[in-house]
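Some structures are shown below for you to check.
Each of the two complexes below includes chain A, the first together with chain B, the second together with chain C.
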Partner chain A sequence: MLTGSFKKELSSLEAIFDFVDRFVDTHRLDDINKFALHLGVEELFANMVKHNPEAQNDIGITLERNEHQLLVRLVDTEVEHFDPREVPSPELHHDLEQREPGGLGLFLVKRYFDSIDYNYHGGTSTVTLVKTLEK
Partner chain B sequence: MLDIRYNEANEIAISGRFDITQVDKVNEFLAGVDTNATLNFRKLDYISSAGMGVLLATQKRLSQSGHKLKIREMNLHIRDVFRYARFDVIFEIE
Partner chain C sequence: MTDFKINHREGDGVSVIELKGYLDAHTAPQLENAFQTLLNSEKYNILVNCRDLSYISSAGLGVFMAYIEDVRKNHGDIKLTNLSARVYNVFDLLGFPLLYEIFKEEREAIGRFKVRPRS
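The block that comes next holds the complex of A and B.
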């Protein structure tokens, strides 16, 4: 398990990608899982920065691997309720003129991970992603 | 980290990691494109929804004047994420 704490601003992403890469190297994960972890962590972190920008506390990130699964957990404290599962999926079948990028990030997270869980308690948002490892 | 520049073939080569922190840099470069153009992704390792949003907005802008972006040499992971988002029907991909 690897845990880290990152300042709540987009410029933290450089350090966050390094943090994810350390985890990937330690567990010798393949490029598909590395891509999924980068995407999952970036999209959730960026959402937390955008939706509660006034909250200044660091965001905690935990990465964990067990025999069959990867787990990603982000914890954001002293924030308003924001459940990423409630973000509507984008209209992927629209023509180019009608396509909008909104909602694409969380749609992709749901595509790369098997589950996304949200818990809100006492002003703390916890989002957990789980991805089953292929044998 | 991300680099964007014209290569010897006059394609726009984007390399590195196209995450949300690189949106302004790529937007600024692509704002100077006003005709058909080819993006070369040979050295692009990663793209997130923020990066894809920049490409979508550029394609929409160019389409208003009858032009478009074409993308070449994507790695398999980026090809997958484009397919999931149905960007493979918005962009011509070689």
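The block that comes next holds the complex of A and C.
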């Protein structure tokens, strides 16, 4: 398990990707899983920056691997309730001019991971992603 | 390394933008600036070569969506080339191949712009 804490601003992303790479190297994950981890962590982190910008506490990130799964957990404290599972999927079948820009990131996360879980308690948002490892 | 770099060159009546590295929520404004600079110069035939683009997230895809309408209103286009399988997969999941022309090589794309290159 690897845990880190990152300043709530988009410029943290480079350090976050380095953090993920340490985990990838430790567990000898392939490039497909590395890409998914980068994408999942970035999209959730960027959402937390975007939806509760006034909260300045660091965001905690935990990466974990068990025998069959990868787990990604982001914890954001002193924030309003924001459940990423409730964000509607983008209308991908619409023509360009009818498309709305929102929801693309979480749509991708749902495609790269097998489950997304959300918990809100005492002003703390916790989002957990699970990806099953292919044998 | 997760650096991001943009190189811009002009050729055959087409503006070529080469992307390298990580196009994410922090680096996406650099691509916005590159597109905006081209539009300010009334350059609407834009080819984006993604040969060295190793990663893209929704923020990067959002930049393409933000500029395509303005570009097409001015009879131009944004065409993409040389996508890696992993980057293409992100475009594909979001249905972008229906909205953007994607080519294997620059040469194929350049010939498909409406204003043909000067000889």
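Here, the second predicted complex is superposed on the first by the 135 of 135 C-alpha atoms of A that agree within 3 Å, B and C clash if a C-alpha of one lies under 4 Å from a C-alpha of the other, contacts with A are read in each partner's own complex, and residues count from 1 in each chain.
As a working rule, a residue touches a chain if its C-beta (ideal position, glycine included) is under 8 Å from a C-beta of that chain, and two chains touch if they have at least 3 such contacts.
Note that the structure is predicted; figures quoted are calculated from it, not measured.
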{"item": "Clash or fit (per the criteria above) of chain B with chain C on chain A", "value": "clash"}
{"item": "Contacts of A:Asp18 with chain B and chain C, given as first, second, both or neither", "value": "second"}
{"item": "Which of chain B and chain C A:His38 touches, first, second, both or neither", "value": "both"}
{"item": "Chain B and chain C contact sites that coincide on chain A, given as residue numbers", "value": "10-11, 13-14, 17, 31-32, 35, 38-39, 42-43, 46, 90, 92-93, 96-97, 99, 101, 104-105, 107-108, 111"}
{"item": "Chain B-touching residues of chain A, taken from the complex the two chains share", "value": "10-11, 13-14, 17, 31-32, 35, 38-39, 42-43, 46, 90, 92-93, 96-97, 99, 101, 104-105, 107-108, 111"}
{"item": "Chain A contact footprint on chain B (complex, rising order)", "value": "1, 17, 19-21, 46, 48-50, 52-53, 56-57, 59-60, 63, 77, 81, 84-86, 90"}
{"item": "Chain C partner contacts - residues on chain A that touch it in the complex", "value": "10-11, 13-14, 17-18, 31-32, 35, 38-39, 42-43, 46, 49, 90, 92-93, 96-97, 99, 101, 104-105, 107-108, 111"}
{"item": "Interface residues, chain C side, partner chain A - complex", "value": "2, 22, 24-26, 55, 57-59, 61-62, 65-66, 68-69, 86, 90, 93-95, 99"}
